[in-house]
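Chain IDs A, B, C and D follow the sequence of writing; residue 1 opens each chain.
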Amino acid sequence: MREIEYRHALREAFDEELERDENVVIMGEEVAQYNGAYKVTQGLWEKWGDKRIVDTPISEAGFIGMGIGASMLGVRPVMELMFWSFHSVAFDQLVNNAANVRYMSGGKCNCPIVVRGPANGGTNVGATHSHTPEGLFSAFPGLKVVSPATPADAKGLMKSAIRDNDPVYFMESTLLYGMKGDVPDPADGDFVIPLGVADIKREGTDVTLVAHGQSVIKTLEAAEILQNEHGISAEVVDLRSIRPLDQDAIINSVKKTSRAVIVDESKPFCGVSAQLITLIQEYAFDYLDAPIKRVNSLDAPAIYSPAIEHEQLPSAKKIIDKVLSIMPAKA
Amino acid sequence: MDITTTSPDYSSYPINKNLSSEEKIDLYRLVCRMRRFEQGTQKPYSQGKMGGFLHLYIGQESVAAGTISLCGENDHVITAYRCHAHALACGMEMNECMAELFGKYSGCSKGKGGSMHFFAPDKNFWGGHGIVAGQTPLGLGLAYGVKYKGLKGCCICYLGDGAINQGAFHESLNIAELHNIPVIYVIENNGYSMGTSQNRSSAYKNCLAQRADAYDMQWDIVNGEDLYEVRAKTQIAIDRAHNECKPTILEITTYRYYGHSVADANHKKYRTPEEITKYKEDHDPVNLWKQRLIDEGILTEESAKQIDTEAKQEAAASVKFAEEAENPTVESIFDDVYWEVDNDTEAGNTGRHFFND
Amino acid sequence: MREIEYRHALREAFDEELERDENVVIMGEEVAQYNGAYKVTQGLWEKWGDKRIVDTPISEAGFIGMGIGASMLGVRPVMELMFWSFHSVAFDQLVNNAANVRYMSGGKCNCPIVVRGPANGGTNVGATHSHTPEGLFSAFPGLKVVSPATPADAKGLMKSAIRDNDPVYFMESTLLYGMKGDVPDPADGDFVIPLGVADIKREGTDVTLVAHGQSVIKTLEAAEILQNEHGISAEVVDLRSIRPLDQDAIINSVKKTSRAVIVDESKPFCGVSAQLITLIQEYAFDYLDAPIKRVNSLDAPAIYSPAIEHEQLPSAKKIIDKVLSIMPAKA
Amino acid sequence: MDITTTSPDYSSYPINKNLSSEEKIDLYRLVCRMRRFEQGTQKPYSQGKMGGFLHLYIGQESVAAGTISLCGENDHVITAYRCHAHALACGMEMNECMAELFGKYSGCSKGKGGSMHFFAPDKNFWGGHGIVAGQTPLGLGLAYGVKYKGLKGCCICYLGDGAINQGAFHESLNIAELHNIPVIYVIENNGYSMGTSQNRSSAYKNCLAQRADAYDMQWDIVNGEDLYEVRAKTQIAIDRAHNECKPTILEITTYRYYGHSVADANHKKYRTPEEITKYKEDHDPVNLWKQRLIDEGILTEESAKQIDTEAKQEAAASVKFAEEAENPTVESIFDDVYWEVDNDTEAGNTGRHFFND
């Protein structure tokens, strides 16, 4: 298999879907002539031209609303938020129009859009640019939320997201864009990963670690150390999609291991981690040998300081400590 | 409302001159149906058979009737919560609309939307939206979609005089002009946003539509009581959209007789009873059109009365229809959330979509 | 004690605080000349005039941002959102500027604002007007969120909120505005209820019911029936404030009863209920005799239909059923 | 930038005529310090000693220097992420600013804000804001606050040419004019928003400031390369704010030499090297001011050089200061979230405020 970068995998997904369906159009700030602030859309404008790759003014409410309106007529806009953090200025379009228009019309309208961009901390860009709103949007029925951790998942899930007939909010990471990984060659056929299917990124028997997005990488790192240094076999469940959620994958894993730690970069209050713990304690109550723990960002706005920011975020060390805190005392 | 300068004879504009008598009478029937439909909601609303808000359009009928009468196959319509008349103008039936107000399953939105959310995409009517100006980027998008698909069409997007002060509208205007999007924003200026008069909500030069100048966009101001004028000036905007893919703002002056919504008990406090009476007597668009057609020899008092009576009967029948219609089931609450679930696709069956225990 | 309406209690709080501090100013759409869409501010404009009671255009981002800016200079704006649902068009100001300005300035700026209005379902106003964003905002460190269930709590908490030097988002209910209840007479002294203190609205021993806002009323109703018809003694913990949270009150109650049901009108995914369950399973794990359950709104946008909407919301019956589902089988 | 019409002699405007030689030299010192400060960041940034973004103001110095030089006790300043020069103009020290870029605890925001978030409320400087146009309602509020407190003052709120297309700005303009709020919006028009030229981001008539007409607001367009002109026209706006409590939009044309941020590798693609060179050579505000003062006989090449050298040394010293300063502690992450917690009040100690396990 080929190794390509996460950003390249995304670009390949766009390119293939632009080819497959003439209704697919990429929009956003600097996505065309500038090739994207993070170069995710590099070369697409040159190849596909003004109609399919559209630069917009800095008017997120305006252009996202425009995409929603166009989608009701059958256009399939894939809209970039330069940072997902900028959701705040387009929130009404994102959570009222996109999430509700199907419902309020009794199913007569349809909103096949993708909104995408990076949603992560760890790059010292401060509180307003480091939001991780997976839980925020998953809270709205009508929306779907996806957060891939690897190049292959990014490509496969993006292609599903574009073909999906519901609004899909696709959360990437500026720290993952440059990460390389195996991605099947397009020559070997259409590579699509369904939304709503978790991926067991590592099998294990002693404890279940659940994560999504860039936290998966840290979690895998922790699992490796747990095995090597502590003899603990951790299973790593990568959610990939938050809503729809592969609840079975999580519950089955916890039933097997009886212990769980959720790794979720978002803040603890009402985060994705809280939702997962709620489900686990409900569906695997009798299997649990210890309280479910979680590793989140420290509960304050994102600090800028490059020397400190990483301390605010989940880390392999914090994950390991949390796991150790719930393992049975050694015999 | 007291424009006294002599205006051109809009009836002689081609778009009006070419109207057949039958078409003119159809317009009269339409404004009567709009009014009678809404009057028909009053009793059931007061009996508690409807819930939530009920924003009446009575007094403004000529605006929706005149503008939408010009729409063709690829012209689309979207508006705010005061949407009943636009729905009827687009060809929706009273029954489905009234049933929606009653929250019934045979309502146009299956009882899910209510008064603010009528929809009929098959008739190019895209709602009915409750967040002030939230529909303005959607209207932009519909127009964008028409253009994207290579069709000669446009979208007429309505908003109120208070709504112009929402940021999303401003963003939409800039994009519309910049990207040459065939959208027509119609500011239905009824002088008030809830209890706030135009002067207390907006800073402006001369008129609200002139804000278009900020984006070098075309605009016009229209006396909404005159169906001929509404049609004449709207056609210019539609032509601009169809032929040049350019947007327009039209400010159409009009008036609402009732409160902001039926729950607005204050509406005789923030405006004088005289103001209301004067409009009703001298500027009522239904009366003025009737008189016009009588003057033109197309209608008589009797034939007009007949049309109005039929409209009233149609409204009464729709109340009966709505009363007898079925409520949605509790299970139907989970329909129409996700397309993929509704259509029982593989995607709709993969992963958990709903999260009650 | 006097019985007054919830809206009247709020108005009394405003009036007293307007009197106490000349920096307090009430702003919002229709709050002055119209007396407020729900008459909460009735009579205040007449009494206090244009400077203190300010009507704004329909520009939530503009006027809430204005209030935030003014608060940095020491003005103390109390801003009405006609519905909390309209947060969506002011979201950036609410979650970036208000929540982060203190942090990003290293503590140099200060944002003593109150944003208030109704946040509830149950009045058939449809999906865009029925949001219950307590959890949404509590997720942002820097913000405080309050949701009173009774006239006395409304008054006492509002007075604390206005005096608080942090942004407090105060969530009321259109269904409670007309509700009457005992409120101490102003003649008997300043009546203030601190944020962060829950209220045990009913004592009990068999199960803990946790609720806030208008759900408290339904929960009390359920508790009464549980006692009378099922012989189950339910303790009702009214959170009153969601953040800061009186965690001890919840945990102590659950330690006593060993069972808990959370009643939370918001949607289940990442709601306040998920956060509470996470805390309980962590801090009272060994005391729990059954999974913690919750009663939320049905997980779809709010339906309009007056005949059906109440079925989408928590009800005494649903609470009772949920409690019965986790009680031990009768001997 | 190629305005060739003869403009009035702004140096003769009272606000400039009354400037002492010393004040003029201070202005020169200020623009040198702005430039040298930012140049001083380049090496440490490239060495990875700073994180995140770094948006340089180099080329635009006359705008912040000229406008803020007019501010008195009750005049406030707020801007976007390109905020270093405004901070210095308000009287902030290089040390605290440089330390902030390094993320140190002695930084002006304790290392919490970074490049985009300098603050000094004691010097009437309110940031430094990263969300495009998010500061525009805050600026409105600062001006509102000044007026509320009965003071004669204003707020100057800066934004970019791309930022004008955000809804919040539009809402702010309407409120400002409607409520007579003494805010001055300065559009620092450097021709680009990231890689997008003015023509590709905004639809407008003649110029961007003219959008003010939509709200019947006063506006002016200013050649930003000339400190005298900046000061002359800004003073008119300040007088309007002070004396009439009225807002103004000023569009000040200017140019940035570097990329949008230091990470912008594209900036010679979306504009020609000639364009950049031309501006640097013919329109550089630091050079032009120097030349002006030399022509006026106030500076010599040597004294100018001396001032510049001192600025450079000050910047170098601030780098050293910042390098040696302490990092924030991990515990300090939880400071500055809640006033009540920081101040250890009863409210701050009641209930749980933070939710990590």
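Definition applied: a residue touches a chain if its C-beta (ideal position, glycine included) is under 8 Å from a C-beta of that chain, and two chains touch if they have at least 3 such contacts.
Small disclaimer: the values here were computed from a predicted structure and weren't measured.
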Label of the chain whose CA centroid is most distant from the centroid of subunit B: D
Contact-richer chain pair (by C-beta pairs counted) among B-C and A-B: A-B
Approximate Å spacing (C-alpha centroids) for the pair subunit B, subunit C: 36
Length of the line joining the C-alpha centres of subunit C and subunit D, rounded to whole Å: 40
Chain centre separation in whole Å, for subunit C relative to subunit A (CA means): 31
Contacts with two or more other chains, residues of subunit B listed in rising order: 109, 111-113, 117, 129, 131, 134, 165-168, 171, 174, 178, 200-202, 337, 354-355, 357
Multi-chain contact residues (two or more partners), subunit C: 57, 59, 61-62, 88-89, 92, 96, 103-104, 126-128, 141-142, 243, 267-269, 275, 282, 293-294, 299-301, 303-304
Touch list for subunit C against partner subunit D, complex: 23, 25, 51, 54, 56-57, 59, 61-75, 92-93, 96-97, 101-110, 112, 141-142, 144, 160, 164-166, 194-197, 241, 243-247, 275, 279, 282
Residues of subunit C touching subunit B in the complex: 29-30, 33-35, 37, 55, 57-59, 61-62, 85-86, 88-89, 123-129, 267-269, 293-294, 296, 298-301, 303-309, 311-312, 322
Subunit C-facing residues of subunit D, complex: 76, 78, 107-113, 117, 119-122, 126-129, 131, 134, 136-146, 148-149, 155, 167-168, 171-172, 174-175, 178-179, 181, 335-340, 342-343, 346-347, 350-355, 357
Residues of subunit D touching subunit A in the complex: 50-53, 103-104, 109, 111-114, 116-117, 129-134, 162-163, 165-168, 193-196, 200-202, 266, 270, 327-330, 332-334, 337, 354-357
Touch list for subunit B against partner subunit D, complex: 165-171, 173-174, 177-178, 200-205, 210-211, 213-217
